[in-house]
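Since the structure comes first, as structure tokens, the remarks are kept for the end.
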Amino acid sequence: MAEKAKETAIIIDQKELLPGIFDMWLRTEKIAKEAKAGQFVSVYCHDGSRILPRPISICEIDKEDGAIRLVYRVAGKGTEEFSKMRTGMHLQLVGPLGNGFPKKEKKAFLIGGGIGIPPMLELAKELNCEKQIILGFRDEMFLMDDLKKQGSVYVATEDGSAGTEGNVLDAIRENGLDADIIYACGPLPMLRAIKEYAAEKQIECWISMEERMACGIGACLACVCKSKERDEHSNVKNKRICKEGPVFRAEEVEF
Amino acid sequence: MAEKAKETAIIIDQKELLPGIFDMWLRTEKIAKEAKAGQFVSVYCHDGSRILPRPISICEIDKEDGAIRLVYRVAGKGTEEFSKMRTGMHLQLVGPLGNGFPKKEKKAFLIGGGIGIPPMLELAKELNCEKQIILGFRDEMFLMDDLKKQGSVYVATEDGSAGTEGNVLDAIRENGLDADIIYACGPLPMLRAIKEYAAEKQIECWISMEERMACGIGACLACVCKSKERDEHSNVKNKRICKEGPVFRAEEVEF
Amino acid sequence: MNCSVDLAGVTLKNPVMTASGTFGSGQEFSEFVDLNQLGAVVTKGVANIPWAGNSTPRVAEVYGGMLNAVGLQNPGIDLFIERDIPFLKKYDTKIIVNVCGKTTEDYLEVVERLADQPVDMLEINISCPNVKEGGIAFGQDPKAVEAITKAVKAKAKQPVIMKLSPNVTDITEMARAAEAGGADVLSLINTLTGMKIDIERQCFVLANRTGGMSGPAIHPIAVRMVYQTAQAVKIPIIGMGGIMTAEDAIEMILAGATAVSVGTANFTNPSVTMEIADGIKNYMECHQVADIRELVGAVHDRF
Amino acid sequence: MNCSVDLAGVTLKNPVMTASGTFGSGQEFSEFVDLNQLGAVVTKGVANIPWAGNSTPRVAEVYGGMLNAVGLQNPGIDLFIERDIPFLKKYDTKIIVNVCGKTTEDYLEVVERLADQPVDMLEINISCPNVKEGGIAFGQDPKAVEAITKAVKAKAKQPVIMKLSPNVTDITEMARAAEAGGADVLSLINTLTGMKIDIERQCFVLANRTGGMSGPAIHPIAVRMVYQTAQAVKIPIIGMGGIMTAEDAIEMILAGATAVSVGTANFTNPSVTMEIADGIKNYMECHQVADIRELVGAVHDRF
């Protein structure tokens, strides 16, 4: 009756892409089989002093090999623990979690900012349409080779060290790009600007949100965001990011 | 001004002697240099949920190699953690701690019971006298080869599967042994019987005691045992096992 | 071997329940847990009307535990009755509804709405540290505890569990007050009020500033309070607070709990409740315990 | 950069102190810590006459912390004055003597004996959960807190720190009572009462049954209480409870503590106090804090 459980994944490979940004492939048959772009997994720590799982987006799925790829930044003790693990070691996961991106056959912007870039890779692979991938970095870039294989890539950097100096919208404007649908993941200020841009241009816009989580599966009500309308499940103007999200129509949510 | 500190030891080798009994060699220059028989080290866990050190007796010291040997039984989560570690991994230690055995040139009984046997090995190596080593096991034996090199070994097993059926005193009687000094380490009932035997025979008797510890260095007063006389430090009839002990004259302490 | 326990005439097939607020109404966890294998499902607190709860961040991890300040977000009793009770009725487990309110009237409204519902017991939360009105205010003064218990008992059609706060000087005083008010069962402990500060940004981590602490870090405090309460009252106790394993559950039972609730552990392992129920059976086999009731309060001194 | 803080006219070179009972009188730890680098050494509680303390086991490890029921074993004030004060006088650090007693008279006797001693401050422990008489009994009732504070202040020649128990419904009530009684400084928190049961042997792990819980597991509760107390009183606060790292110490300072005491962490790392003092300096450098006093109580809301 209980069809899901924690899955023990084996680390196939891990490397540091940039200082503090790690790239890990995990063998985890069941999750790889079910997962799709925009979903995430809960990753559990070994150290007993850390009892909550860490939500990490799925960056790439290898269905054949039963493997998933996670690209993450060391943000604290938990991700630091993961970063020290080596090939052959185990990690416990629950997933895939969340709704994932809807996939439409429309000319698309895939916009990723910082550590919001990784889920754009799997999305790009799954989307069957014209893809313009716009990436915002602080300075150094990562995942560029992988993304370039999936579509035309445009870059914005805060310091202007590559691509457009400024943010992802500056890059869109500078390159005179347009699209019929937007998929985005990244920091809140970026998402706010994109939401506004999409509203102005009347483009369909999907964004992936983040919040502190506890259960990761919709039971504890830790991870809500404010919604424009009363949510059917919560019966108030709150949506669970881990369950109804993390991907929402931009106009559905308030942030 | 602070001459001591936690020392990071490297595991040189670890093997399982018997199911649940592990034998670990650690490179730890400073501790190896200072240590002597009957002292112990505080071993710290990696897992953050376990904050107190585990006291483990020093089983053998290799001064040349700057290494110490610990032989321990998996009794709970902490020792289980240690037992899973492999060559090359690190453990943090404080030590050597406690007083150690006094070494006299008298015909001696070295009596070890169960997991109280390991410290008898280093003691036997350091003692310069006639050594009769009496060991009490539940059933399976360990450290026999090492100990046989240091003196004549007599064994008692609870189930009679080897040596005398019964306890260490039965083995002493069955073999008609006598001595002028006793050194002992093992479970309380054994130590009680030895204390009584020594009193009766009027033999000088030294025993190594155990108690739950926190600091391991004499500051917290967790690990006391009752003493016959008022203790100079505590000013009451309590002695700190980690500081005044773990080795006491049998008649000094009450248990 | 008997694993079933009795709480005010309600027989649970085993002593393992879910702690309110950590398990929703069972729907989400039913993918990870066979609800038929639990003694009871205790639902998230429900009020007379929908509550939006607190701002986010609502949770923070702390050493060996977590803080939460969800603020009792809930869909209100109407949707709850329409959706959540029918869902739970599909399973062979007991249904315990946790009730919250801002005023006595709020609590009574929920209790009355549940009177004709297929619900086995009511758990009255007078100990939530995360809401401004109601909640813990009812739970830190023995007179208030007795009064609300009496008021609820007068209306309730199901046995009433009063859920106590650990943020008190003397838990036995609150326990006796609830017993005097007619409580059938006691639940303890709710969360301990805690705080976390982000030292990089020099701000409170939780939007609510303080939050309720739960998880293994609070277990020894919970065991102590269950033990003290078991010495002080005659009604059965549901023990909770940091139960992560079957061993922790047995410790709570030995301290005097007739049943246990598992909360934060669900976040560390979504299948944990089932594993704890199994682990208790294993322990009973190893220790040749024929009836779990032999273990309740069976702790003794060493000598 | 200024790291020194002022407690009732006593200037500590930095805010790091040792928590009473975890550091003896400094002798044993002086091998691991340069005592000259600490703001103050707070000694183990001392009574008018020697106390033998409780039976063993006196300590137990729990998840992220420990329980202790040492029961205030101490050599009595005479030997303490003869041996421990002269030892500490060799160092350039402040000496704070923690005082315990069974009756008000006991406390006063110790306070009077210390009047002409080179001691910088007195910390009055009215919050030990591990003794039958005295201790916590004085610390859970605001009237008793005020009375003992007044009595001690009438005799004390040094500034008086009152050490409060967290085992209360409202810490600010006790804090205000101590302030009303004339306390110069408050210390909080002492340990939370907890219990551990050995499920194999079905017995209490500690001979005393209950013990005081300390260590990182209690840190969020301590931070909350320090924060609440800082809002309620004007006198300075020494914050303690689960401080393991410089980050934890800074969290406590941001919550409102002027200084911090480090206890259980000494058992996890005997050199930790020195490392915390260094870590605070590093933090101040990184965050360009010219004076540590800018950090005291400097926590704010996110928005």
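Note that the chains are named A, B, C and D in the order they appear, and that numbering of residues resets to 1 at the start of each chain.
Basically, a contact is a pair of C-beta atoms (placed from the backbone, for glycine too) under 8 Å apart; a residue touches a chain by one contact, two chains touch by 3 or more.
As the structure is a computational prediction, the values presented were derived from the model and not from experiment.
**Student:** Which chains contact both chain B and chain C?
**Tutor:** Touching chain B and chain C alike, sorted by label: A, D.
**Student:** Centre to centre, by mean C-alpha position, how many angstrom separate chain B and chain D?
**Tutor:** 35
**Student:** If you average the CA atoms of chain A and of chain D, how many Å lie between those two points?
**Tutor:** About 46 Å, centre to centre.
**Student:** Taking each chain's centre as the mean position of its Cα atoms, how many Å separate chain A from chain B?
**Tutor:** Each chain reduced to its C-alpha mean, chain A and chain B end up 55 Å apart.
**Student:** Where in chain A do residues touch two or more of the other chains?
**Tutor:** In chain A, 48-50 touch at least two other chains.
**Student:** Identify all positions of chain C at which a residue touches two or more other chains, and write them in rising order.
**Tutor:** Residue numbers touching two or more other chains: 63-65, 216.
**Student:** Make each chain a node and each touching pair an edge, then name the shape: line, ring, star, complete, other.
**Tutor:** complete
**Student:** What part of chain C is in contact with chain A in the complex they form?
**Tutor:** So the residues of chain C in touch with chain A come to 21-24, 27-36, 44, 50-53, 56-61, 63-66, 68, 70, 73, 75-76, 79, 215-216, 264, 266-271, 274.
**Student:** Note which residues of chain C are touching chain B in the complex, please.
**Tutor:** Interface residues on the chain C side: 63-64, 216.
**Student:** In the complex formed with chain B, which residues of chain A make contact?
**Tutor:** Interface residues on chain A, with respect to chain B: 46-50.
**Student:** Would you tell me which residues of chain D are touching chain C in their complex?
**Tutor:** Touching chain C: residues 62-65, 67, 140, 167-170, 192-197, 199, 201-204, 207, 209-210, 213, 216-221, 223-224, 227, 242, 244, 247, 250-251, 254-255, 283, 298-302 of chain D.
**Student:** With touch defined as at the start, can you tell me which chain B residues reach chain C in the complex?
**Tutor:** Residues of chain B touching chain C: 48-49.
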